[in-house]
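Input: structures, listed below.
Same chain, two partners: subunit A is paired with subunit B first, then with subunit C.
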Partner chain A sequence: MQHTIGERRKIKEMWGWLFVLPTCIVLFLFVVYPICYTSFLSLCDYNFAFDKKPTFVGFKNFSNMFKDKQFLAALSNTLVFTVFMFSLLIVLSLAFALLLFHKKKRSWFYRTSIFMPIVVPASLICLLFTWMLADNFGIINKLLINIGLSRFTHNWLTDAKTARWWVIIVSIWGKVGFSTILFLSGIQSISQDMFEAAEIDGAVGWKKLFYIIIPNLSETFVVTGIWAILQCLKLFVTPNVLTKGGPGNATLVLYQTIYNEAFLNFEMGYASSIAFVLTALVMVFSLINLKMSRREN
Partner chain B sequence: MPRKQKPLAAILTSFSLLIASLLFVLPIVFCIFTSFKESIEIIKDVTFFPHKWSLVNYDYVFVRGTKYLTYYLNTIIITVSSVAITLGLSSLAGYSFAKLPFKGSKVLLASILFVLAFPLAAILIPIYIMEYNLGILNTYIGLILPNLLLILPFSIFIMRGTFIDLSHELEDSAEIDGCNVPQTWWHIMLPLAQNALVIVLVSGFYSVWGEYTISKTLATKDSIMPISVALTLLKSEDWNYGVLAAAITMSIIPPITIFAIFQNSLVEGMAAGAVKG
Partner chain C sequence: MKKVLVTLLIVLMTFSAIYAQGKGEATPTGKRTLRISAESWQINKIFLEHAAQEFEAAHPDVDVEIITLADQTVLANYVIDWSKGNTETDLVFLDGGYMSKTYAAQDLIYDFEKDLKFFDNFPKSNFQPGVLETGAIEGTQVCLPAIYEVYGVSINTAMFKEAGLVDAKGNPLPIKTWDDFYNFAEKLTKKDAQGTVKQVGASIQFGNNLAGIIGGAIIAQLGHCTTEDGYTYDFDNADFRHMVDLWKKGVQNGYISTATFVDNAGGRNGFKAGQIAMCYEAAGRWMEAVPTLGADNLSLVEIPGGQGTYCFGCQMAIPRASKNADLATQFIKEALYGEYCQTNAFTQYGKMSVIKEYFEKALETTPLWNNIADSMSKAVAIPEWEEQAKWLKGLNVIFQEGLVNPKASADDIVNQMVALSESLKK
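Moving on to the complex of A and B:
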């Protein structure tokens, strides 16, 4: 059976639709509809345990938010964590990528070790760290005693200051492999000619880094930056398993408050409005990242 | 002229890499070693290496502690189904976006990208309410479908990226031979996209295997919980680190093994997917 070109294009378009249809159904049910419903719920009072239906209350949730100590603590923690975690993630993964790039031969072990944590279930790693950091029988305190630094032993996760740092460290432990991959593949795609030309011009060591590698990575910085921002703002597993937001509110993050409000207190309306704030933060930070990298170009 | 590395720089590079690698590997090795220790040894005197190697913890997990096997099985069921569905959906949608353009297909693709940026928290509240009303909270299907969100967008980008690189001539000649679109997709294109399918499979596998947030929210019953959530809740009642270490070891070995096997293609695929996405 022969078809004209127009008919053939029509048939292809139809198959195109059919091929994406199942995906569309899943995404509509589990993304589009939920996003619309969250936006609506954020303007409602809705306790899932007691109320039959959400009642519309306008922007009350949003104004209440700024009187809520838990929320304010979570907001400031999230921002502080984001600043520290983001900078450490970028710096460390760039450093790892440069080291791996420098070491071309026999790097299988190093590469595997650095990348491996991304495939390990994060919650189980946190569990592992909680007992490595335990006061009495944790191996980290034990190690400090054995090397004669017993005055530095600490109940790491019950002290607000150290608990915060450990949340950041463990989160980075699990994530840095991915950004290292991104940076490494960015560096590897810089053309060899450029390196050779630079070497002839006398650029070695640090000069090569600042004049050749970093300027050529702007695209990678955008991708990695947005990825890292998302990871920082969406931080949940590490504080949830390591510290449950404690001690006090020291490691309480926005994601955790959303979880607490929605699934412990069943305040679906209020939780939705906090989720809305978090989503807005994600958008704003990604845009800032995009703008800044564009300007550098 | 071959470039000569300065010996000092080479040594420093290797040394820093070694330190970094140990920081990533040692906690895992410590966990594996702990799983072979008897509980008395763990509490009385912590050491890195076991004094006496013992299989008592594995015996507990596999022979006596049936609940661990349930968690393990739950993880396997959820992971296998989510990844299988994702393979199907993403290879269809990826092909459509690459080779069968229709009105609005670009917009649709961009909005799928947008999904990646949304924090799950914003989506999980309505999903919880919806699943409650449908009565599928604490069921496999109720856990599998939301898990698709986690891996489907990325997989679609990987598949699209691969299909788009395949030449149009293949399609045309298949058409001349009398293949319709699904036949071309199945017989000609899909076999050529094997590498991408492997990336989707492996990255999907470890994402769902270790997934925490969705299951923490939508699985509240012990009988349906995957191991990534269940173990974190066990802590206080089963204060036995040896058994926990054995259970953790059992659940981190599969993803690590698969990663070690597929490392090269996976690393390339992840980088490409992130850049294209």
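Moving on to the complex of A and C:
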């Protein structure tokens, strides 16, 4: 049977829709529907273990948040961790990428050392650090005692101040490999001619870094920046395994609060409202990063 | 041809998706499958794999599948599954009775007595006195304990001897009061010339088990845990305030370890490593230390006060959504409550047998448990609240912040506990 051009186009379109349909269904089921349902739950009082159905309470969950000491502690910790972790992650990964780019001898050793933490499960990394940093039997305190520096031994994870720093250090240790890959690929994509021309013009050392490499990495900064912001704001495994959010609330973060409210306290409504605050934070920080990168461009 | 192939692929994908959804009911061999979910420590220390093998050997038409739970928070998801009539498990192990209250609130689990007639051919008199109560909620037997534990103070006797804390026969001096506990911890703590602690006097579990620690301390002091309402902890009194004051002084002077603030196993690991002299938490810790310290260097004593102790069970529940409740009860009676599991859990890990006959047998091989026999006979469970997780998290924050804060007094800590207790649903 012969089809007209219009009919053929319609059939082609139909097949197109048919192929896209599975993706649309998946997106609707796993993205659109959960977002809509979470929005609804964030406006409800709903303890899924004890309440039969959600009760609409308007913005009560959002107003209660600012009276909740745990939420406030988690919000403040998340922001502090984000600022420190983001800055350190970007600076360190750029430094490592430059090292790998320039280091030709034994480069396999440096690459392996920097990338290895990526393949080790984050929870395992945290468990290892928990034992290494333990007050009474940890290898770090033992080492300090054995080399005669016992005055520097410390309750690393049970002192709130040092616990915060260790959460940052361990998180960076586990994530820096990936951001280094992003920067390294960015540096490697800069044309060799540009480096040679710059060298002829006398741009060496720091000048090469500031006038050639960094300006040419603007796109990489956007991608790595957004990735790093997400990693910092959605920090969960490190504080949850390394310190359990403690001592007290010293290392409690927003993502952990959402998890605790939802799966320990069963307060799905309240957990959903905190999830929205976290989403808003991710968007705000990502926009700031995007704007700053564009301005530099 | 291309279109036919594409259509065929779509049909195949649809069928495979439908098949994957419906999988799990019947096995190709026609055998029935009993699915048991438990945490890894429960699988190892209660010898669940051995029990499964024993049960399969006795019932060739049954496969037993053990599902390892990552942690107890996974159990919250069962509420959603079970309320829709679905289940991935037929028998679930719970660490304490906290989740059972949640399940029972929505009538998601069977009553062993009324629904499953468990005690018709397995009389209650088989059980150790008081253990069945740990699995009951307001008189309804929604859970059964697989094993049970009590709290006590495990001690390193070699360290006691070195510190001169022994009687004429060389036995460790009794720890009758919390003042004794504090004084002993002070004497057992070793510091170098620079003031660095090299050996810690004691550890108290200030982490996930803090509610049990507080409950146990109150029971040992007063002989009961709660006020008349049966839910509120009886801690608003001078005895408890004095106790907290001593804990606080101990922490600030370095006599009591803070390792458990962030690592639940920090205290017991320090004890096992020979770094901590006394360990107040589940009484079985001394048995865990036998491989590293040797049985001759270990002992077990009652919680100061000696009026009793806190007992809790590792509970088992059967979801109403399960189609294999009959198999699950049979498994409990024949395999879990059999001699192998009940005796070995006790003699190897200090997880005590709930079956009277095996409890007494196991006690003969580990007579050290007799040190706390009096306390054990007066053991009491602590209340499980509707907002138990909030209670526990709140206690952790109050103690972990208060104990190390030189400006906070014991009164401040107890007053915060009172306010928290009053604010929560019980």
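We adopt the following convention: the second predicted complex is superposed on the first by the 268 of 297 C-alpha atoms of A that agree within 3 Å, B and C clash if a C-alpha of one lies under 4 Å from a C-alpha of the other, contacts with A are read in each partner's own complex, and residues count from 1 in each chain.
The working rule: a residue touches a chain if its C-beta (ideal position, glycine included) is under 8 Å from a C-beta of that chain, and two chains touch if they have at least 3 such contacts.
None of these values were measured; they are calculated from a predicted model.
Clashing of subunit B with subunit C is the outcome of superposition onto subunit A. When the two complexes are overlaid on their common chain A, residue A:48 makes contact with subunit B and with subunit C alike.
Counting the residues of subunit A that each partner touches, subunit B and subunit C differ, and the larger count belongs to B. Touch criterion met: A:158 reaches subunit C, while subunit B stays clear of it. Using the contact criterion defined above for the overlaid structures, shared-chain residue A:137 touches subunit B and also reaches subunit C. Using the contact criterion defined above for the overlaid structures, shared-chain residue A:150 touches subunit C, although it does not reach subunit B. In the superposition on chain A, A:197 contacts neither subunit B nor subunit C.
In the superposition on chain A, A:288 contacts neither subunit B nor subunit C. Once chain A of one complex is fitted onto chain A of the other, the partner contacts of A:246 are limited to subunit C, with no touch recorded for subunit B.
By the touch criterion defined above, A:265 reaches subunit C but does not reach subunit B. Annotation: subunit C segment clashing with subunit B after superposition, chosen from 27-35, 45-53 or 63-71, is 63-71. In the superposition on chain A, the residues of subunit A touched by subunit B in one structure and by subunit C in the other are 22, 48, 130, 137, 259, 262-263. Interface residues of subunit A facing subunit B in the complex, by the touch rule stated above, are 8, 11-17, 19-20, 22-24, 26-27, 29-31, 33-35, 37-38, 41, 48, 96, 99-100, 102-103, 107, 109-132, 137-139, 142, 173, 177-178, 181-182, 184-185, 199, 205, 219-220, 223, 226-227, 230, 233-234, 236-237, 240-241, 255, 258-259, 262-263, 268, 271-272, 275-276, 278-279, 282-283, 286. Those residues of subunit A that touch subunit C in the complex are listed here as 18, 22, 48-50, 70, 130, 134-137, 145, 150-151, 153, 155, 157-159, 163, 242-244, 246-249, 259-260, 262-266. The part of subunit B that touches subunit A in the complex is made up of residues 3, 9-10, 13-14, 16-18, 20-25, 27-28, 30-31, 42-43, 46-48, 88-90, 92-93, 95-97, 100-103, 105, 108, 112, 115, 117-130, 132, 145-146, 148-149, 152, 156, 175, 181-182, 185, 206, 209-210, 212-213, 216-217, 227-229, 231-232, 235, 241, 244-245, 248, 251-252, 255-256, 258-260, 263, 267-268, 270-272, 274-275.
Every residue of subunit C that touches subunit A in the complex is listed here, in rising order: 10, 13, 73, 76-77, 79-80, 102, 105-106, 192, 194, 196, 198, 200, 207-208, 257-259, 261-263, 266, 269-270, 273, 275-276, 386-387, 389-390, 393, 396-397, 400-401, 404.
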